[in-house]
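Below you'll find the structure, written out as structure tokens, and then a few comments.
So that you can tell them apart, the chains are marked A, B, C, D, E, F, G and H in the order they are listed, and the count of residues begins at 1 in each.
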């Protein structure tokens, strides 16, 4: 569209050829030196901007968040954020009147207001064990920050089927299910066989020995004999929450 | 609901305790000796039944198809079907007036009529190279058999970005994109960065040497730096088509 | 005991020191040149002798079987036996009045009479899919050849839980369960959570892509979150049947 | 059985349809928020409840133990329990008059009285080296907590066969043998060739370099040329002790 | 050449046979006990000597640097140098009037003057993310220390193609491009498709889960569907900078 | 440039806005249905077009070659070409007066005239053993087809250093060296230590057992202790030849 | 020595500088085009020349053998030789009066006379099973061709210790033991614990499933808890025989 | 021999049958509770006893050493010994007049006197780099403690061949060479091609990225194209020193 308008201006003589060439090259981002935040992305991809906190200093995170906010972003999600960085960012944002919350288990920080849930229905986040909770909360909070209603069903591993089956009703009513498990990762297949909706499977690095840091669960989930299951990276709660939100907002 | 009705009948004396116990145990399938087809699944999971053809004899496939048809299934998808099995099943079904079609590249057989496309929008199937076509057609035909409009964009690998970018419009209008690539599997990330809809990534075993039968593409796709990408098993075109159809039929 | 008797004879002067040294060194087997069958093993380990057919010529198999029979073995189990070898051995043994049967799917041959089942109870052999049947039959026939009652429950993969649950009664009554599955191998965990008896898990090489020839199922089963599950090698139906028989004959 | 009684009550008018529906849905567990302990499991699976201590806070462990105790569980086994958690739980339970013991090498905690040994015979726990002792004690204490007589034979690796052979008598009299080894894991095969009873093999992460954190021993044990050997996860002493106990209590 | 001169001297009687034999054996290095620096290498391989700092003490590094300097080397590059070692070496060299600089992110130390850039053109160093900067700086500083003009283009991962494409001009004008990325490593293929010059790809260990410490990016880059891409070890910024410099100095 | 001209025409009223939008979208390739050849690539990337023959039918190869030729390409390289495809393509091209040659060991086909060597100097192709020759010839013929002088030095593995050292002069005079080896792949390091020019290392799948289809050589080469070595995929002779040619044509 | 003589001749004026330079460069081998046989190697490495038959044509093998023979080699060992090549070479050599023998199981061919055994003592070749015989014979015949007395002890796997122990005397008297086993490869450790001499362990690809083509046995042997064990490549009988011969000929 | 004497005593009536049975069972070791030292091993395997220090407490090490010394062992080698344990053991032994020395780089402790070198010749210990020294010293000190003359040649990696070749004379005169290298491990092949004696190759975990903790060097060495090379575990300097000593003491 912009291209068309630009051309119309060129045709009308309002914009010179030189300016148009320049305009076509001008990039929708500003260079902070260490990262190139993309202020148009909220429009281009439709949802809140996300910062991957791992390997970024607290100062870098703060600056990127502020730049986003200044460019009109209503909320920013920060994943894998360390406690100290959260404290630092929280103070800085509060000074400027921007709300900020941090959940230490999942290491998720959210700047700005969490939006109203406006998806098609509920996203169910299911885990095999208690130890999968950090990943599960990363998924759940991501989905909530992107405007979804989330229902949490934790510690319902397949070795005690009745625990899972007692939630069958809730699972079957969800629009998307996020199935999170370590060790043998069988939860994805069992859930995949129960529900009619898409299942996003998240292998976790929970386990020891031949769990090989999540490899066992990853392979299990990729080989699921249930249809309608796709997989994200080991411990990638964010990725699952994001994908689930995309699906839950389809129109 | 059925349980409630059953209990009401027990309470009303219309059904004896013995009969009720039996009823609660009666299974929604019939035992053919070598497999337990599940006639209720079309209802429970909402779509056509699928037979994984690998490792089944042509006679077994024929019998399962017929059982499904007798139980009211309108169409049956057979994946990984050998040419000979297709010929055998085709003859048997034609004798009974049931249409059957077979596509040799993808080894997909479809018994019964392909339904009208009734999804939310189009599913785009994109491949990195020509050699990914068998997997791509498995995905595309699966999606079509499950009632979806499919647009095919083949051989648009990332080493020649302009080939992919010339289809940007089509990609951005799709409700779901299936990104299929072997070798380094970078297509998923690039497509994932372009579109706003969910991307189902399918690594293929195309390549040699350090492609390690699809492992390279699989790892690439699992580690995609683009959000909104989830992954199915290597060469699992069916799984991607099925997942995409689930998403495209969400309501 | 023999050592004590030997020493008593030495003390009594009935056996010379030289003879005793020799006797202590005499081995309970005879050298056929290509293998050292162990005729005492039936006594030492309590059950029928087994020949691993892979990589042995039909003539070698025949000779080892005959040696066993001549040494008083009542039945001999041959695993991974090729059709041609079975035909050859069958003819040779029939000439000598020894019964021989061969089951081609599992490639199991049994020379001599199958003994009466004399175990503590039933062994249940359960599979995730139809394609796991060759391994399952290897397990089942092994167990039967070793004197066990076997009940077969095939194609009850976890993606359709109701199929498995309809056999819950049978499973719960078994003394040992052999759970056999490829792909994600989740069957072992689900069965392990249902039953009170030991579960022997057998990963199979069924699957493709990230199933990595059975590695996925193997890792899954080793990481089972259910207690009471132990694992044998990929496709090792024999090993599972043998182990189950040992357990079922404990006293 | 309960279902039948319930239905009889429905038929007799003693229980309303609504109540019966509710009853059929009521789950045999209580929700603590972070975990769903299963009080019926002692009955369903026949032995003491076990808590996997890894990744649980001391407060969580304490609460689950107490809930179990309140629901009639006589003893509770906690595996992979940290020293501090043990101290905390010990104090809390002692206050309530419940005995608690902790063994730091194996990190096993046991709440309640250790039951009398009531198995069929002895379980022998054998290790290749001194460094395998933590895993061995986890196995031994688990078996003891589940009512078994255990005999320990440590540091009898196959590089000094005479050390192992001097215990041959004890090994041959055991009902189950647990063979624990790291490095090349050859112990399982050698022990498997000596005894007539089931052998549960436990690979350990003892070793360096190409031991690859237990992978070498794991593969060795899975490929054991001795029959009657099955394998649990690397360092999974608990799993082996549990499995051995199941076998030793078969009837 | 030296050999020829030596022989001429032997022929002329200026050098005895014994001396010539000795001379032919005399090595172009001096033994420091812990390492054998090679003072001729600057001539033999054409560029500055490099010390791999990992696993060397600060005293060892200092001594090797000094030996090089004494033997006429104008600058010495030290890679993977710890902060403390840098401080120590800096003090010692400053005492002797030798300039020394240290860049902590890349852990690169440079003794002596950085030479004028005398290559054919520019080397572009491109990264997928901010976290790849330590590796990128190792590459860039190495190239600069070896006499190259370097242009840095960071955080232009393929999930936001416009960020990369806005630098297309710069990339296309470079003589060599070093493409550095972790996770899925797709940057190498996309860059490889854009430029006409050689691309040196550096996989980094950035990422988590199935990134497997850089394995995913490594495999991706090895399987690049773009021609003109070759790969160095994971995180080997130095190797890429060195290789790029060799290419940029070809004549 | 084209964009500027287009804009000038828009400004001049010679081209309508609609046409300009269309033009900006028009792609520099033509759709053959199964592949999207890129006729501008010879210009954009500077060298002859290459067809990866694996997985393409002979008819597909023929058509792509012809399209290239029709679009002004002077020569086309086809890699991994089967003998039958070569025969078919040869006949078809000969009918149209286009020269075609095929080398069966390397499975390289070349349509059109091989250009004059116009590189900076020689490319040396070195192999460890005789069995590496197919890969070496793929590299050598690729380089020749792209306009390079190639010198072949085969079977000079490091276990007989004198064989390699006798070619030291030739190696040291080359502008680029391609070092090709299977098994332990040590050739790359030894050559890398000898020469001052860039070394492209190609691991081959030659070997057995722990060579793991080229993995051993690949890892060796990636870990080369010699500077100035970069690596391409296992058996990727083409990739090495292409990269070497790029370097040899730098200006 | 030659160098000294050469220099003396240069000093004496008998050899010109030019000639001497040339002489220093002249290589002790002749170029056959496809391979560079090394006629001095018998002297340099002390034993018969060996041809690795894999991937060489029968004509190539024949020519290399003849060249060796013409250069004074008394016998030549060819490993991994195909039956047809053996037939071809046998005919050609017989025509020239050179004895040739071929053993099909191990695929070893020997041209020339097998030398008298002149080692320090016996080499014992021990295998775990019958299927390891091809590798064992490759080891045994190699050792015999290199002048060693070999004693074969086959099928004495560790699952039946008495079979191995009955050969303890022979094993303890050997100068070197070659321990060959697939599957779990435990034989190396048990033998290593029994004998005082060096043990060369050869893992074989015998086995299935988690044997992973010999990986399991390889890792086992590398991790042997017995001292005095070193390992060669999977299925590398030749390597073990050669190494054992070197040891057995030490002086 | 002992058995024969025992039997003679039984025959002579000097030893009762009961005593003889007991004697045959009495083991040549004493039970310390945590380990079973084997006092006869020095005789059975011919050299000093070795304690693997990893995972043993300082008190355990002290007690085992003392027991050995009390049983007549003249020296005891302790590998992987921590500094603190060395200090503790040193004090205790000094109190009892037993010499003890500890070398911190290799973590080797030696109790008792180091014996005179009495082997056939020298053992050469060669390393690729400075960082391989800890492993090299473990090998060298082990060999010295077992009565061997050792010559150390460190930091002669193949990237600078002249460094290695300048030691060719020393290498060629050794009876055994221990070649130690990390990264690409090429040293073993190059050394193996130079010398006529057995080469024991030790891969080290030196390196980063695709060195994969020594896997790269391990695979390289197993695939060595040089004959006469066998391999021990990653970083297993002790194993190499022990093996080399066995070879150097053959008679």
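Simple rule for what comes next: a contact is a pair of C-beta atoms (placed from the backbone, for glycine too) under 8 Å apart; a residue touches a chain by one contact, two chains touch by 3 or more.
The structure displayed is predicted, hence computed values, not measured ones.
Trainee: Name, by label, each chain that touches both members of the pair subunit G and subunit H.
Mentor: Shared contacts of subunit G and subunit H: C, D, E, F.
Trainee: Farthest chain from subunit B, comparing Cα centres?
Mentor: Chain H.
Trainee: Decide which interface, F-H or E-G, involves more C-beta pairs in contact, and give its chain pair.
Mentor: Per the contact counts, F-H leads.
Trainee: So, what's the distance in Å between the C-alpha centres of subunit G and subunit F?
Mentor: Between these chains, centre-to-centre, one finds 38 Å.
Trainee: How many angstrom lie between the CA centroids of subunit A and subunit H, rounded to a whole number?
Mentor: Comparing mean C-alpha positions, subunit H is 54 Å from subunit A.
Trainee: Going by the touch rule set out above, which residues of subunit H reach two or more other chains?
Mentor: Correct list: 129, 160, 209-211, 215, 218, 222-223, 227, 233-234.
Trainee: By the document's touch rule, what are all the touching chain pairs in this structure?
Mentor: Contact pairs between chains: A-B, A-C, A-D, A-E, A-F, B-C, B-D, B-E, B-F, C-D, C-G, C-H, D-G, D-H, E-F, E-G, E-H, F-G, F-H, G-H.
Trainee: Under the definition above, what is the set of subunit F residues touching subunit B in their complex?
Mentor: For subunit F paired with subunit B, touching residues are 25, 27-29, 34-36, 38, 41, 52, 54-56, 60, 203, 205, 213-215, 218, 233-236.
Trainee: Which residues of subunit B touch subunit D in their complex?
Mentor: Result: residues 3-4, 7-8, 10-11, 13, 16-17, 20-21, 24 of subunit B touch subunit D.
Trainee: Quick one: which bits of subunit A touch subunit C in the complex? Just the residue numbers, please.
Mentor: Within the complex, subunit A touches subunit C at residues 128-129, 157-161, 165, 182-186, 188-190, 192-194, 207, 209-212, 215-217, 219-227.
Trainee: Going by the contact rule at the top, pick out the subunit F residues touching subunit G in the complex.
Mentor: 130-131, 133, 154-156, 160, 162-163, 166, 206, 208-211
Trainee: Of all residues in subunit D, which touch subunit C in the complex?
Mentor: 44-46, 50, 120, 175, 196-198, 200, 218, 222-223, 227-234, 238-240, 242-243, 246-248, 250-251
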